[in-house]
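Here is the structure we will look at.
By letter and in written order, the chains are A, B, C and D; residue numbering begins at 1 in each of them.
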Amino acid sequence: MKTQNPGGATDSLRATLLVSCRDRTGLVAALSDFVFRNGGNIIDADQHAELETGLFFMRLVWDLARFQLDRRGIDAGLADLERRFGLSFDLSYSDRRPRVAVFASRAPHCLYDLMLSHQLGELHGDLVLVVSNHDDLRPIAGHFGVRFEHVPVSADDKSPAESAQQALLRETDIDVVVLARYMQILSPAFVTSWSGRIINIHHSFLPAFVGARPYHQAKARGVKIIGATAHYVTSDLDQGPIIDQDVCRVSHRDEVSDLAQKGRELERQVLTRAVRLHLDRRVLISENRTIVFG
Amino acid sequence: MKTQNPGGATDSLRATLLVSCRDRTGLVAALSDFVFRNGGNIIDADQHAELETGLFFMRLVWDLARFQLDRRGIDAGLADLERRFGLSFDLSYSDRRPRVAVFASRAPHCLYDLMLSHQLGELHGDLVLVVSNHDDLRPIAGHFGVRFEHVPVSADDKSPAESAQQALLRETDIDVVVLARYMQILSPAFVTSWSGRIINIHHSFLPAFVGARPYHQAKARGVKIIGATAHYVTSDLDQGPIIDQDVCRVSHRDEVSDLAQKGRELERQVLTRAVRLHLDRRVLISENRTIVFG
Amino acid sequence: MKTQNPGGATDSLRATLLVSCRDRTGLVAALSDFVFRNGGNIIDADQHAELETGLFFMRLVWDLARFQLDRRGIDAGLADLERRFGLSFDLSYSDRRPRVAVFASRAPHCLYDLMLSHQLGELHGDLVLVVSNHDDLRPIAGHFGVRFEHVPVSADDKSPAESAQQALLRETDIDVVVLARYMQILSPAFVTSWSGRIINIHHSFLPAFVGARPYHQAKARGVKIIGATAHYVTSDLDQGPIIDQDVCRVSHRDEVSDLAQKGRELERQVLTRAVRLHLDRRVLISENRTIVFG
Amino acid sequence: MKTQNPGGATDSLRATLLVSCRDRTGLVAALSDFVFRNGGNIIDADQHAELETGLFFMRLVWDLARFQLDRRGIDAGLADLERRFGLSFDLSYSDRRPRVAVFASRAPHCLYDLMLSHQLGELHGDLVLVVSNHDDLRPIAGHFGVRFEHVPVSADDKSPAESAQQALLRETDIDVVVLARYMQILSPAFVTSWSGRIINIHHSFLPAFVGARPYHQAKARGVKIIGATAHYVTSDLDQGPIIDQDVCRVSHRDEVSDLAQKGRELERQVLTRAVRLHLDRRVLISENRTIVFG
């Protein structure tokens, strides 16, 4: 049975550690020594000390094949490092695949792209649930063999819908929620309970054209390049930490409908790429920015 | 009933004319005067005289709403211009949607992208047939409601398969064949009979890495950018007129499997874009090059 | 003596006509017939009717070698078309090279790029004057043999400086002013008197990060792509019609100084490209947008 | 006196270590422990173990402010690691700025770009010598205050020229030679003596269009994207390890002269970027590929 590894060709078991803290001497040595002393082989280490803020960020991936600590032992070791260096960390194992729910509305393009990427084995995670405020996309989930739940949202009171959504996410043991052109605004309470674990696609090159109808805005402003932005959702609309962006050239010949079509191409690429980066544990949130280990 | 127009927001009936010939004085005037005299309104005119070769290329789109000639009359008028100026032309009407067949093998990504683009109304044509030398992709065609035919190809003798394919193409009245990662080489006879009407996607930035396993070649050469190329198929493998290309950045961290994954993204984008350009009658073949009216 | 032509390999004499008006039947025919009847050969014709606004735009380039009208005759002919169709036009001849002034402050990169492009014969115009509010860049102008004028600007009252600048522009018979990282805001009166003829480079991907210190804003927002924008100057700061834009990828490893360095690369490319487009008569202003004939 | 640091905002003294060897457990720990035990603070650590080849690559930058070893001590420590792990390394200090010579012929654009980048403080090295087989570019070197030497090259016998060049490089204590559109082929002996220290710009997207007149080849093949490639020079023409590449879109409207102009933009950007990466010690050569630490 093949275990999908983040960017890996083999199926060895691996641990991935994301660390952030205030920079101080000895952090890299302490972390790599912890791996080495216990028999781990480091596959990938990427570290960055940000001079402007004095912050330290690191991503460390090691092979667990001959590692001498079990997971409890690893927890204890990291807790010790946490105390000594005041670091925050996020640890994951390649045999615990994150579980993903997709929220969508009527537009199918981002959902197809995620489903296809999953089917092709490109995502280090399992897409197990689609939730929608409409029933239109049910056949797509069905085609890919993924559970679909229609949760209508009332304009008057969104809380019943959100309660139902939360129950579904708990029931299916979801780790991350992807908003694939989901046209409802989530409540601050919902967002807070999934902090750093909701990924949205915005159909503009943020911070340009926040808000509604960005393609109309782009046409009116006469820009020569349009874009799309994947970001973590915060209670501050369109302001969350950016994970990835991409752009394409447009011209006066592009009507709003052409911008929308080019935009759809960007949206699905950027969203799927952002989800892949997140599932590969390559994204670290630091205040309102992300560190993306390439 | 909405007629999909090339890049158009409305559903008026239109004619699109592609012209190429040796350049001579009066061509633009004669062509636009032909439209005007007969009551047509020009929506889009794009002309280019190539100084290096002395060739003339033009794309002319006009509204037929109040046009005084019927189609027979238009044919007669163009035949007259053909005689006077020695021009070659290709004329199409927006109410005659081109019919598209997709040839695929086992890889689903390009097929999904074409199907989705069709479903979203982005293609000015009808995707009516999928032919494959394997049966794997049948459910995809089924999901999108498109006829699927499994035509196995024998390594010893491809002619029975090609006869079956030709019969299917005739039967379904196909205008253009799209090779969506179809892993069989078509015979020169087949290619000739569909000259200028078979579009292929090659998974490299041609002319770099012609032939097999371009991602392995790219990894070995250590390039920093990979690409994909959509081109018309000629009997000269990987040498046909290029319609579109695109690229993305890679690094030493990308293993061959990562290059393949990034490549799949490029392949589907570039192929779908090329098919869209072809169906919008924006591509004119001139010897071994294309003129793409943007 | 070689005459530099817009994008041309030969040195034949040409006329370039830019037209905009409300769309109506017969415009393309009338314009191309005007050229043809008088013996001109059309080199390039690019026309676009914008369905959403009902506007018509066209760029027409023709060879004057055997044209039967002299310039007075051409003026008369166009005046006639102007009356019949209510069109606005801009006519230029390839033997009348536009004269360019560059306004700069202390940053040399955009000035070098323009000067080099000019020296290499890439600009269809003559760069004849550099005006600066500092004296630092004088040696660059000297190296390229271009007149340099130091016009200090007082924070209290900019009008004496602007009067001096206007006098210089008149004296040197300037057609277009390029702000190459010129760090002074021009008065509405100045801008109005050069309407559609001042090109500025803004160091962000407008409309993102208007105002000051865009690289600091970009760093704070954590964007993954930065850009630069060349636009015509209007009295509404950073809001004028966009001519060209470009972008490049950045990461968390880029400090503000790195963003500034990558930005300098973008700024010079985009500004020089915009100036080249303008001098090639490829840019038509329509309200607050541009039509750029590619 | 400010010391220019690789990508750094401050002027602290730093060491940069590039390591490659066969991968084995404990490498990262041993290297980072070496820095930590001796009081160094790691600024940047980027490591990659390549599964396909079993090779290990690392770039390590640390602050020397409170480092307890002097340079002799560092040499001894690294020699010890070299023995234990069989690693190859390249060590450099931020106060020893590499010295750069530029070889050019008649085309000025790449030379200007390098000179300007140097003047703006963007290069972590000193551009101290320009060598040319023509005298045309002397004024550019003079303008930037850099020594210029005209070394004519005879088609019959290049060895006197190469002897003179070698003498100049020795005399000026050069570390790296940049071929900025230098139109002479260097002898294998010359190339070998500067192995891994000659950077060339090739005006195509290698491996497409090797050899002469790539823009003519690109036009004939009808590609939609052209590129430029910076690479280390080996005795195998156009086959050396690629450092960086970039591309831009072209169309049928671009004549060969337009391709050349767009190409010049790419050439200078890519070459200057490659030189910057090399001087920042971000490039490690592994057989015929490079590892570029981003």
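The definition used in the following text is that a residue touches a chain if its C-beta (ideal position, glycine included) is under 8 Å from a C-beta of that chain, and two chains touch if they have at least 3 such contacts.
For clarity, every value in this text was computed on a predicted model and none was experimentally measured.
**Student:** Pick same or different for copies chain A and chain B, depending on whether their interface residues overlap by over half.
**Tutor:** Both copies, chain A as well as chain B, present the same residues to each other, with over half of the numbers appearing on both sides.
**Student:** Would you say C-D or A-C is joined by more C-beta pairs in contact?
**Tutor:** Answer by contact count: A-C.
**Student:** So the centre of each chain is just the mean of its C-alpha atoms; given that, what is the distance between chain A and chain C in Å?
**Tutor:** 42
**Student:** Once you find the CA centre of chain C and the CA centre of chain D, what distance in Å lies between them?
**Tutor:** 36
**Student:** Residue numbers in chain C touching 2 or more other chains?
**Tutor:** 9, 44, 48, 51-52, 251, 253, 255-256, 294
**Student:** Taking the complex as given, what residues does chain B use to touch chain A?
**Tutor:** Touch list, chain B to chain A: 7-9, 44, 108-109, 112, 116, 119-120, 122, 139, 143, 251, 253, 255-258, 261, 264-265, 269, 294.
**Student:** State the interface residues of chain A toward chain C in the complex, per the touch definition above.
**Tutor:** For this pair, the touching residues of chain A are 48, 50-52, 57, 205-209, 219-225, 227, 241-247, 251-253, 255-256, 288-292, 294.
**Student:** Sort out for me which residues of chain C touch chain B in the complex.
**Tutor:** For this pair, the touching residues of chain C are 8-10, 23-30, 32-33, 35-37, 39-49, 51-52, 58, 249, 294.
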